[in-house]
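What follows is a set of structures for review.
Next come two complexes, and both contain chain A; in the first it sits with chain B, in the second with chain C.
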Partner chain A sequence: MIRFLGARVLGAALVLWVVASLTFLAVMASGDPITAALQSTGASPEMIDQVRTELGYDRPLAVQYVDFLAHAVRGDFGESFRYGKDAMGLVAGRLPNTIALALAALAVTVALGVPLALAASWRPNSPVDRLVSLVCAGGQAIPNFVLGPVLLLVFAVAIPLFPVSGTTAPFAIVLPALTLAAYPVARLVRVLRAGILEARSADYVRTARSKGLRPSRIVSRHVLANAMLPSVTVLGLQVAGTLGGAVVVETVFSWPGVGSLARDALMSSDVNLALAVVVAFAAAVLVVNLVTDAVYALVDPRIRLT
Partner chain B sequence: MSGPSDLTAPARGARSRRGRLAGRARRAGRLGVPARVWVCVAVIAAAIVVSLVLPPFLADFAEQDILDSLKPPVPWDGSDPAHPLGTDTLGRDILARLAVGLRVSLAVAAFGTLIALVVGIVLGVLAGYRGGWTDNILMRVADVQLSVPALVLVMFAVTLIGRDTPTIIVVLGLVTWVAFARVARAQVLSLREQDLVVASRSLGLPEWRILTRHVLPSIMGPLSVLASVEVGALVVAEAALGYLGLGVPPPHPSLGAMISEGQQVLTAGIWWPVVMPGAVIAALVLAANVLGDWLRDRFDPLSERSFR
Partner chain C sequence: MVEADPPTLRLRGLTVEFDRPGHLGAGVESLRAVHEASLQLRKGEVVGVVGESGSGKSTLGLAAMGLLRAAARVSGTVEIGGVDMSAASEPMWRRRRGSDVGMVFQEPMTALNPVMAVWAQIAEPLREHRGMSRASARRRAVELLAEVGIREPERVARMYPHQLSGGMRQRVGIAMAIGCEPALLIADEPTTALDVSVQAQILELLVALVGRMGLSLLLISHNLGVIAETTDRVVVMYRGCVVESGATREVVSAPAHPYTRGLLDCVLSLDRPRDEPLHPIPGSVTPLAGAPRACPFAERCARVGDVCLTGLPELRGGAHACACVDPIAGRARASGGGRHG
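On to the complex of A and B.
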């Protein structure tokens, strides 16, 4: 287990290094970020040269790259051009909001997904099942930048239950979390429903019934426990997509998280901030993938991590 | 039996595979294609026709008329028959903007998927067939790419390279190739040791011939399923870029940009600038997904949906 984790952490660090290097080189290859950022402000060529020298952009690329890496491993991605603050510090400041949103979306996914899957698999092809599958088809087809505004229209404008934007009101997180959860819920229901139907006709469930176990216990310990496995995989694979979705959802609801920061950084060509955000996103995905593997081993005692 | 105990027995509605297939054949028409699939094909065809044929007959998509701003769509009070789907904040015709915006959406979805398909097949088949270091390198590249959310990667690339349609097509295509490469690789891995390939190899056929004439046709089924779903995903990705302000620059309409412009007047209860493009995107994606599900059932009856 420890050896496995060590190897995985090493692999993740390697991927992170490649991501950081590639994004850095891509930025450098696309042209000089300082000139691009300052030209629109009407600065003279001399002033631009002076700023470039001050910030070290006149050095050879290899020197800049080594310098970038040496600082990046300590979490230092330089100052954001736009905010004039430490780039990674800005990301860290926004992180709690994004984590709160992601956890709320995960809670919504499980709280809606499991009951819906149970209801759908109760009697396959029943009206309930068809309704659930219709809802899921909708959840997969309606993009979050459409669902978000429609939820706002209904639950913030027509029926003013929730605020239109921001984080301050008590239930402000409800609509963004629902929007972000729509797609994962649909995925979870489909996978879980198929898993439950398969587990119901498995031999171990028949054995459990003939032993006279309470039905509730059969459902929770035998049917759901086995159907849960592929669902954990699916939810884990969903993480990168959900973080991408957070960019859109945070923009829709003016939610001050890392996603909307990413969009602002890219819109204003804030190179250092953009680099910090991309590396932070990659790190988040890699960490969650590791956690998913560990959860997998916990949920299924048959899996040994070696 | 009552309560949750129902869930502890095999599902009553779950029929045998043969029964399922028979039922499916009965429901489907003579060609074996159910009605819902025809509806999906019709939706996609309608989108193509509207975007290519309609614009010359409609109002100018860029023409502004403040006096005509925010007219509701036709059956509602105060609507104008000249603007059947209403007008936006600047008084521009929403139907015309939808039709022209759809061109970009469909071009991005079609050509982006094509690029992803070609790149993914070539690299995936090579990795699966050759194995060894080719395979290793490819899978590591995929790991790196999948560690960054696709949308963030696309936003990053588009800001660095440019926001014109060809760039968006290439970037989205190159971000999507991993999915195709993985499926192609997995298919080839299982195919490599099967008799048809082993026999071709022992007959002394050249490698490229084995790959193009024997391997490729056998893996197109699962790849076509993925292609269908990816077309929908790319429509969404292009619109998401537009929504975030990183799509095709204005004044050219983009479905996503229309939604973000419309959201500014949403708090006043003005719904059509958001709902109209939103409904078009949702309909397209739904059609692509249902088509993909149907193809999946055709090619792989034991998959996720097979209990249906």
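On to the complex of A and C.
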């Protein structure tokens, strides 16, 4: 277990380095960030040059890259141009909101997905199964920048059950979490439904029946316990995907998370902030993957972490 | 005649039919997996059901457990311990399964739940039927592992199926089936998936349990060698029909039905002369569609005559019964078995 963790942390560091380097190069390749940021403010070319020299953007790219890495390993991504504050500090300040949203979306996914999958697999190709599969197709097909505003119009404007934006009102998290969960729910239902159908016809379920167990126990301990194994992988991938979806959903709902920060950074050519956000997202995805592996080992005794 | 002790299992005229979509979606085809099968097990008796794949022997075993899918149409009677279960509801069946009747399955690799510890799987029926606490069910599970001949039962109890060998898994399967001390154990090809040396150990264990616990064993196998060594009586099935039944020693030494004879000719043994060729039965088993109108074996029988095609021969002859219009005359074979020890 220790060796497993050690290897994974080492691998994660390598991935982070590659992600940071690629992002850095991409940002630099897309043109001089200072010019892009200041041109619209009406600054004179002399002022722009002065700022570039002050911030070190006139140095050769290789020197800037080494400098960037040297600071980045200490979590220092420089100051945000826009906010004038430590970029990683800003990200860290927004992170709890995004984590809360991702966890809420995960909870919604499980709370909706498991019953729907059970209902759909109860009688394959029954009207219920068809209805669930239709709903899932919708969940997968409707993009969240459409679903979000629609939910807002219906449940915040027409029927004011939930607030239109922000985090302060109770239940403010419900609509953004629902929007974010729409796609993962559809994925989970499909995978879990197939898993349940496969497990239900497995020999060990027949054995369980031959022991005279009550149906609830057969479903929970024998069918679901085996059917959920592939779903764990799907859920892990979806949580990681939720972080990407957060950029859109947090913007739609004015949710002050890392996603809306990423949008701000890109709109205002805030290079340091953008780099900090990308590296933070990459780190979050790596953590989610590690947790997924650990959960997998927990629910499937055949998996050993080595 | 009043019976003092009802048979642990009695099947009378058991018929099982499945519907399956016809070829190229042409309506529904009805297949008869078991046709009018009858058999009876008394306390402490070991009865074998033998036949090729597709002979309906596994379906018969599942019907006796009430484990057939909803798609199966079952008629005839299934009596367990003198109680007619023909019209029993699923909850009634559930209370008897694992408690009065235990079942051991063919594939120990897939018959155990891969994500549950061994002890928990053995403890399940104990908690369900005996209302044992978690702790006492666990203690009993360890004892049961010892009873089925597993060394270090305490350690094995904590393991998962993938950590065990095939033979050990089958022992776990047996421990699971006998936990509530059922009167009847149904073993469907319990040794088919195992190495030959392990096969013998598992059969020995089953026979020992019959002696120790006084249970009846219905042993289902395609292997007449296994049946000959283990059982008191045998029922030979072909295409869902019982074609011969009787004391194992008699059936093996003097088979009356050409099919039984054919099966015996396929059993390899060390004392068979090396240059004597095997005589496999030509062809393969085709399922019956509906009630048979001729001898089910007629199409593969070397002794077939016109009379065989005119109707289904009745099972005749009392203790050693045979369903053939032209049974093979009683001629003792040199080799053959009967139950050892």
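The rule is short, and it goes like this: the second predicted complex is superposed on the first by the 304 of 306 C-alpha atoms of A that agree within 3 Å, B and C clash if a C-alpha of one lies under 4 Å from a C-alpha of the other, contacts with A are read in each partner's own complex, and residues count from 1 in each chain.
Quick note on the criterion: contacts are C-beta pairs under 8 Å (C-beta built on N, C-alpha and C of every residue); 3 or more make two chains touch, one makes a residue touch a chain.
Keep in mind that what you see is a predicted model, and the values were worked out from it rather than measured.
Considered on the superposed chain A, chain B and chain C are sterically compatible, since they fit side by side. In the superposition on chain A, contact is made by A:208 with both chain B and chain C.
Contact with chain B, but none with chain C, is seen for A:125 once the two complexes are overlaid on the shared chain. Contacts of A:153 after superposition: chain B is touched, whereas chain C is not reached.
Of note, the Cα-centre angle with chain A at its vertex and chain B and chain C at its ends comes out at 80 degrees, rounded to the nearest 10. Of the two partner chains, neither chain B nor chain C is touched by A:175. Between chain B and chain C, B contacts the larger number of chain A residues. When the two structures are aligned on the shared chain, A:225 is found in touch with chain C, with no touch to chain B. Applying the stated contact rule after C-alpha superposition, one finds that A:302 touches chain C and leaves chain B untouched.
No C-alpha atom of chain B lies closer than 5 Å to one of chain C in the superposed arrangement. Chain A residues 208-209, 222 lie at the interface with chain B in one structure and with chain C in the other. Across the complex, chain B meets chain A through its residues 3-14, 143-144, 146-153, 155-157, 159-161, 232, 236, 239-240, 243-246, 256, 259-260, 262-263, 266-267, 269, 271, 274-275, 277-278, 281-283, 285-286, 289-290, 304-308. Those residues of chain A lying in contact with chain B across their complex are 15-16, 18-19, 22-23, 26-27, 30, 118, 121-126, 129, 133, 137-138, 140-143, 145-146, 149-150, 152-153, 156-158, 164, 190-191, 193-194, 196-197, 200-201, 205, 208-209, 215-216, 218-219, 222-223, 240-241, 243-245, 247-248, 251-252, 262-263, 266-267, 269, 274, 277-278, 281-282, 285-286.
Taken in their complex, chain A has these residues touching chain C: 202-204, 206-214, 217, 221-222, 225-226, 229, 299-302. Put simply, chain C touches chain A in their complex at residues 65, 67, 93-99, 102-103, 105, 107, 110-117, 124-125, 128-129, 160, 162, 173, 176-177.
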